[in-house]
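A single structure is presented below for examination.
In this document, chain identifiers A, B, C and D correspond to the written order of the chains, with residue numbering beginning at 1 in each.
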Amino acid sequence: MIILLLLIVPVITAIACVFTKKHGISKYISIAGSFIALVYNIYLNYNIYTYKTLQGFNYFFYVDALTILTTQIVTIVAFAAALYSAGYMEVELHDCRISEKKLQWYYFLMHMFIFTMLLVCVINNLGVMWVAIEGTTLATTFLVGFYNKKQHQEAAWKYIILCTVGITLALFGVILTYHSAKGVLGEIGYALNWSDLRTVADKFEPHLMKLAFLFILVGYGTKAGLAPMHTWLPDAHSQAPSPISALFSGVLINCSMYGIIRYHILTSKCVGSDYSCTLLMIFGLVSVIVSIPFILVQKDYKRLLAFSSVEHIGFIALGIGFGGMYSVYGAELHTFNHAVTKSLLFFCAGNLFLKYKTTEMENIKGVIKTLPVTGTILAIGVFAITGTPPFNIFVSEFLVLADGFHSGNLFTIVFTCILIVCITLIFVGFIYNMYRMIFGTPTGDVPKGETSKFTIAAMLFLLFFVLIISFYVPPLLREVLRNIYDIVRNA
Amino acid sequence: MTQQIIVNSRTIDILAVLMLITTIILIGTSRLRTCIWAYACRSFMLTLASGLIAYFSGIHHIYITTGISLALKVIVIPGFLFYIVKKINIKKEVESYINYTLSLILACGIILIAYYSTQNIIQFENTFMRHCLPIALSITLLGFFVMISRKQAITHILGLITMEDGMFFAALSTSYGMPLIVELGLFFDILVSVIIMGIYVYRIKESFDTIDTDSLRELRE
Amino acid sequence: MAEHISHLFIISIILYLAGSLFALCFYGWQRVGNYIALILAAIASCFSIATAVVALSAGSTIRLDFTIYHAIIKYNFLLDPVSAYFILAISVIGFVAAIYSIGYTRLYVNKRDTRFLGFTYNIFLASMLLVVTANNAVVFMIVWELMTVVSFFLVIYEHENPANMKAGFMYIIMAHIGAVFLSVAFFIMFAFTGTWDFGFDDFRKVGSHMPLIYKNVVFFLVIIGFGIKAGIFPLHLWLPMAHPAAPSNVSMVMSGVMIKTAIYGFIRFYFEFLTPCPPWWGVVVLIIGASSALLGILYALTERDIKTLLAYSSIENNGIIIIGIGLSMIFKSYNLMALSSLALMAGLYHLVNHAVFKSLLFGCAGNIYYATHTKNIEELGGLIKRLRVTAPLFLVGALAISAIPPLNGFLSEWLIFQSILNGFHIPSVIIKIITIICGAVVALTGALVATCFVKAFGISFLALPRSDHAKKAKEVPVIMLVSMGLLASLCVFLGIFPVKVMMVINSVNTHLLNTNILPAITSYDWLHTKSVQTNFTDLSPTSATVLGLILFAVTFGVLTSIKPRFVKKIYETWTCGISPEPRLEYTATAFTRPFKTIFSNLYRPQREVRTEYSVPNFFVKSITYVDEVTPIFEKYFYSPVSRAVLSISNRVRWVHTGSIHIYLTYIFITLIILIIFVGK
Amino acid sequence: MTAKIILPILQILVIVGFSPLVKGFINKIEARLQCRRGASIFQPYYNLIKLLRKDAVVSETSSWIFRATPYVTFISILIISLLVPVLSSQVPLNFTGDIILIIYLFALARFFLVLTSLDTGSAFGGMGGSREMMVSSMAEPAMILSIFTVALTVNSTNLSNITNLLLNNSVLLLNPSLFLAFLAFAIVLIAEAGRIPVDNPFTHLELTMIHEGMMLEFSGRYLALVEWASSMKLLLLLTILVNIFFPWGIAGGLTFPGLIIAFALYVVKIGFFAFLIVIVEMSFAKLRLFRIPNLLGTAFILSVLAIISLYVVR
């Protein structure tokens, strides 16, 4: 029941947003709703801290450490995005780019999107999880194409087609898993409950599971943005409104990754961890490598950030693939870090877009003078996202890389070395592209000053997490991460 | 009893092959309406198979899925597609990047791959799976292939629902369908996604004056 | 005792951080915020000086472990004599630079955000102190990069200038690459520690059981990693760009002490972590040091921008320090501990000397910039009459850096020569010869340094002003002069009373090498001062200075007695009959012209003379003379590499064609490949 | 004890007193060999006395550097003359410094001279200064290496110790490496002292002058000090050469007769090498400016060979 509450809050918020008579009030409803979800999630977190797992409706819902981390990320970024949207959309409304009715639908879709993501996490049944992941695509297509210009439609079309295709492929994986589970569990109904599957996964038919994992990896990998299935990602991220891009980059890809990890656990138990770990490592590394040229040579700052998401999701996959205690720990911490940092950067990008009305980096100079707060946060965020010490991403990347060396496996060490080279190149690309924009003499006649207080508040909210994790991981989070390792190693 | 099982599975096998043939028609034809008809036809056969399996196995909830499938896949979706075709007034034939002969050869290749990849699994099976699983996979992959090779946006939808048909059939033939709640969710998803795609096809037609996805190349590096 | 030291240290760090926060807090009053930050920095530096002094005199080792756990990272700090020595150098310069900044930042008041300067400056100093005390690889990397990032912001402080931005990019990118090399080095060693601690204590033990091949890899990684920070050739590229780009008060700290943190790294790795090390490591380090020293000064020689010149000279001086380190490594690997200690002493002595005189010189360059708003020495001249105090201060710095006795530069140069001479103890003939050749390189370098600084001082301070900037120059605020005076007197002190310094360094070496050589290298003489002594000879700069003063008194007395009333008549300089003009003066370019010709293989000078005639072709309207030096490392190494990376990237970007069909094909092919090759 | 006080004074007196004579001697010999009568051998003394009595003209462009330079130059050379063994191998002040200090004291003198050359704002001075720095820079490695060769032969850089050891252990002198070092040092000496073929001390023609160019603006007492310093430098370099490579006859102790003999032999040896310089000056033309590095490069190679042979022979 307590889990259901988490799901109900966004649904109610969504409906309230769209059916409220006063148009102006919907943004407050949205902020309040997401704030309640956030607080509630922290409460759930304490429950997990005490009980390790929670379940509801006869194991229809199942929450463990892995879930709670993902939902925590979802709620944090969702709250920030709600806060940010309030400011961002106000400006858009003011500039008459959208109508008030449309804004209400925007909030509706956003909260439905949040709902589907939460559903992905808390649902126990892998089949329903598939439905929910597909649901995220459907909820967001209109958000990608929100402004309804040519390029938005194009992005939305690519988004829905590529993601749906990917997810349909994943369905085959689900079916195969179900089939093999049925052979063991016999009775249908429970046969797709993850909490049951994980206990009997070692009895599954290995060939089936191998094939199933391939489909899952390609399918959910498309949604997660693993290369070479990531092609929708830069388009969708760059065309969606910035708060939505933040949700995309920060949490949506994590939700898909969450799905992959669930299957990874089953597969490793069934066929040994080498198989899925190696696949994850390869896809992870390919993603990191693929993102390099696009980060090095890039004109559009939102695309730059999108490609950086490809890199980071690759990194997370690698961390999971390394499979050591600290690399899994690091990868999961990285999920959190990436979510807050990348969302922060997308918020900065949103402010830039509001101010300059362009996403071309060449046309923007001297942000630090025009938008002092955004510029400063962007300057910090760029260092944070590239894994520069002392910022949070460094910590998680460091853990993963260290574990890569610690494993002593030559294959892993080679991967780690390549990874380090890649990270360095990405750093170069990021710094070069972004800092040309942040500093320098402002061009044009763009007036000085920040756009909205809400956007600043949202950014400071996320910056708080960035900085806190840089120096200190709260015990709650640490405990959650430890538990995740236990879950992944199936201990 | 054994005799019965063999007869049952042969029946399903035949239906499977028929479905495969309709999918190949989808690749082989150049008329959009024919494509939609082929889809409706295949969906019907799928529904038939579903009903037969429900009958053979005696699992009741499959009847429910059969019913929904009949309504959705055979009536609503093809109807919706016809409606779109009419609404946006597509006259052009379906263009393809690959010519028909080559398409068919590649389709053969894809079917081979499907058999090849499932061969490890099906050799232990004794239910309908022997042929059904590879065929289901073939249908999925062929649907995918359609999406790749055809230029028009509407064929993307067709390819996608073909893939979903394949999946549906796979689930049905291997495990007598998924749990009911999953099936319901699945149908809901298909319906919503087809509607959303339909809306976008319409919007694209409005903005780009064509539904040729070749023109959607603004966002690139 | 140990308690107090750690308290002092923590207080100083807290003060730095408080200063930086205060700077930000004073939102409306930029000046006040900045001043408070700088004053707090100065006070904090006093605390850290106290820390270092107490720690060095106690000779003890203090651990500071903070129990804030960050995942698995523990915040451990260790204050041993090595750290204390570096803390001393950093905080002395930090102190002086903080005072100097109070005056210098007036340059920026109302033009840009000076609070930011105060903010970053404090963090910068604090991060350097933490770098030299970190006792954990992760903490080290964190504070190391913090130092880099903060100094990057300082480099691009005047970001309107595209050249500064370029310098900043170069700096941050190269520094980051260096950090990556370092972290790989740490990772490799970490793989052999068998723990998850990352503590330096574990690394100290790892050297003995690590396979040599891995040690060699780590050795080279460390050379590159720290070498970039130290500015060794050919990894120096960022240094002559970044140091001049930063405001002068920051350049003081960057050139004076920041690049020394790399030396600190070398010492930690080569004397603690990777021991025992093979002799050839030392040889490699030695050769790197010697070539950096020579090339650094050769590039400094032709430079016209005074701050770039100083930056190149920093490369040279770092090279000399590295020579000391390299020699010490060689001796150590042959177990000649006393000599190892001597060579290390030479290096460490030069380190602190360089910190002092380079900060002095950068400060004076800052004065020049403050007064004239130009850094090009061709536009200066005649400043000795306008900046009456700055000029002698600069001269002291120039003399010190040219190793002219009795100033401090000479002492360390002398020690380097002595260590080189002691190279005859090395069993291997080839290493002996390399050592001696390095001695010749040091000698050549020394002579070139003198040339370079004669030029720098002579052209910018002497003769007639060459531009309006120089003509209108006025002396800078007193506070800047006072702080520079402090450094100048330090130059003299360190030169005349070397034994004090050597005692300090000896305590460092005793900790590091377990050899106390103090009795062997100092002795009392009849002037009751200590002289420096090696098995070759001894040296007493104190008595030499006294002697010089006596002789001066005698000479002056004799001359006065010969002609009691000596009259100086003032006339203009004879210039073949025309009245003297600035245009007739020798320029910096001309002054170093002979060197350009001699080393033309290195410089590859590109000369171009354009003559413009007026209407009848007999009268020359103007002559333009362009004389450029080809930056060979940039041209033949860095540019091709970066161009290759970019062109590959550009080609790969084609992958995103924009066609949804192609994208679908990627997924399809991936799936098929996986099914065929993996899923089977 | 008295000897310890007297000897340094004696040394200074010898160097200060005889340096103009060496110059006069060289000029005289050279004139004779060119079939001229030449000026008196004591002419340099007359010049100095005259100059010391004169007032000075100072350029209005110049600064205090200009006025400080003559003293700095003179004093630094004077300090050197206390550190070099002239008559006795036991220099009382040898704890003060060694050959490296001497080299850097020369550098001190040069540093200020070159600064002054820039101080007056005349182009000639700058030209002279620039060339002087070039020559000395090129000479530095060869000088250091040749001195290192000697130092490593006897394990000391202290001139007094070197002379002592070589005197007591003359076998050491029969060493090819020392011979090579001697050649290198001789070339360096010519360059450092500003003699033909590197520099022409007799000319004031701007294209050929190096050392003289820097001194163009000096007059009166200043010129005297600088001139004197440069002749002392020549004598000191000769003394170092003579007493390191040919230490025979130098007094081992501080006995009066020993010093007398030493002085006699010292005069002979200096005279001989001064004569050699004359011979060299007579038989070579002045080199073009950019040929000088080649000459000094030769010296460098010789000194490297010296070091190598030293190590290989050992």
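In this section, contacts are C-beta pairs under 8 Å (C-beta built on N, C-alpha and C of every residue); 3 or more make two chains touch, one makes a residue touch a chain.
Note that the structure is a prediction, hence the values are computed from the model and not measured.
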B-C or C-D, whichever has more C-beta pairs in contact: C-D
Inter-centroid spacing, chain C versus chain B (mean Cα positions, whole Å): 70
Chain centre separation (chain C, chain D; CA means) in Å: 35
Chain A and chain C: spacing of chain centres that average the CA atoms, whole Å: 44
Separation of mean Cα positions, chain B and chain A [Å, integer]: 31
Two or more partner chains touched - positions in chain C: 653, 655-656, 660, 664, 667, 671, 675, 679
Two or more partner chains touched - positions in chain D: none
Where chain B touches two or more other chains at once, by residue number: 117, 120, 144, 147, 156, 213, 216-219, 221
Contact pairs between chains, per stated definition: A-B, A-C, B-C, C-D
Interfacial residue positions of chain D with respect to chain C in the complex: 52-65, 67, 71, 74-76, 78-79, 82, 93-98, 100-101, 104-105, 107-108, 110-111, 114-115, 117-123, 125-127, 129-131, 133-134, 136-145, 148, 151-152, 155-158, 161, 216-217, 220-221, 225, 289-290, 293, 300, 303-304, 307-308, 311-312
Residues of chain B that touch chain C when the two form their complex: 97, 113, 116-117, 120, 141, 144-145, 147-149, 151, 156, 213-214, 216-221
Residues on chain C engaged by chain D in the complex (per definition of touch): 382, 384-385, 391, 395, 399, 402-405, 410, 413-414, 417-418, 420-421, 424, 429, 432-433, 436-437, 439-444, 446-448, 450-451, 454, 457-459, 461-464, 525, 531, 535-541, 543-544, 547-548, 551-552, 555-556, 559, 562-563, 566-575, 580, 582, 584-586, 590-595, 597-598
Chain C contact footprint on chain A (complex, rising order): 157-158, 161-162, 165-166, 169, 210-211, 214-215, 217-218, 222, 228-229, 231-232, 234, 279, 290, 292-294, 296-297, 326, 329-330, 333, 366, 368, 379, 383, 388-390, 394-395, 398-399, 401-402, 405-406, 408, 416-417, 420, 423-425, 427-428, 431-432, 435-436, 439-441, 471-473, 478
Residue ranges of chain B in contact with chain A within the complex: 117-118, 120-121, 124, 137, 140, 144, 147, 153, 156, 160, 163-164, 167, 170-171, 174-176, 178-179, 181-182, 185-186, 188-189, 192-193, 196-197, 200, 203-204, 207-208, 213, 216-219, 221
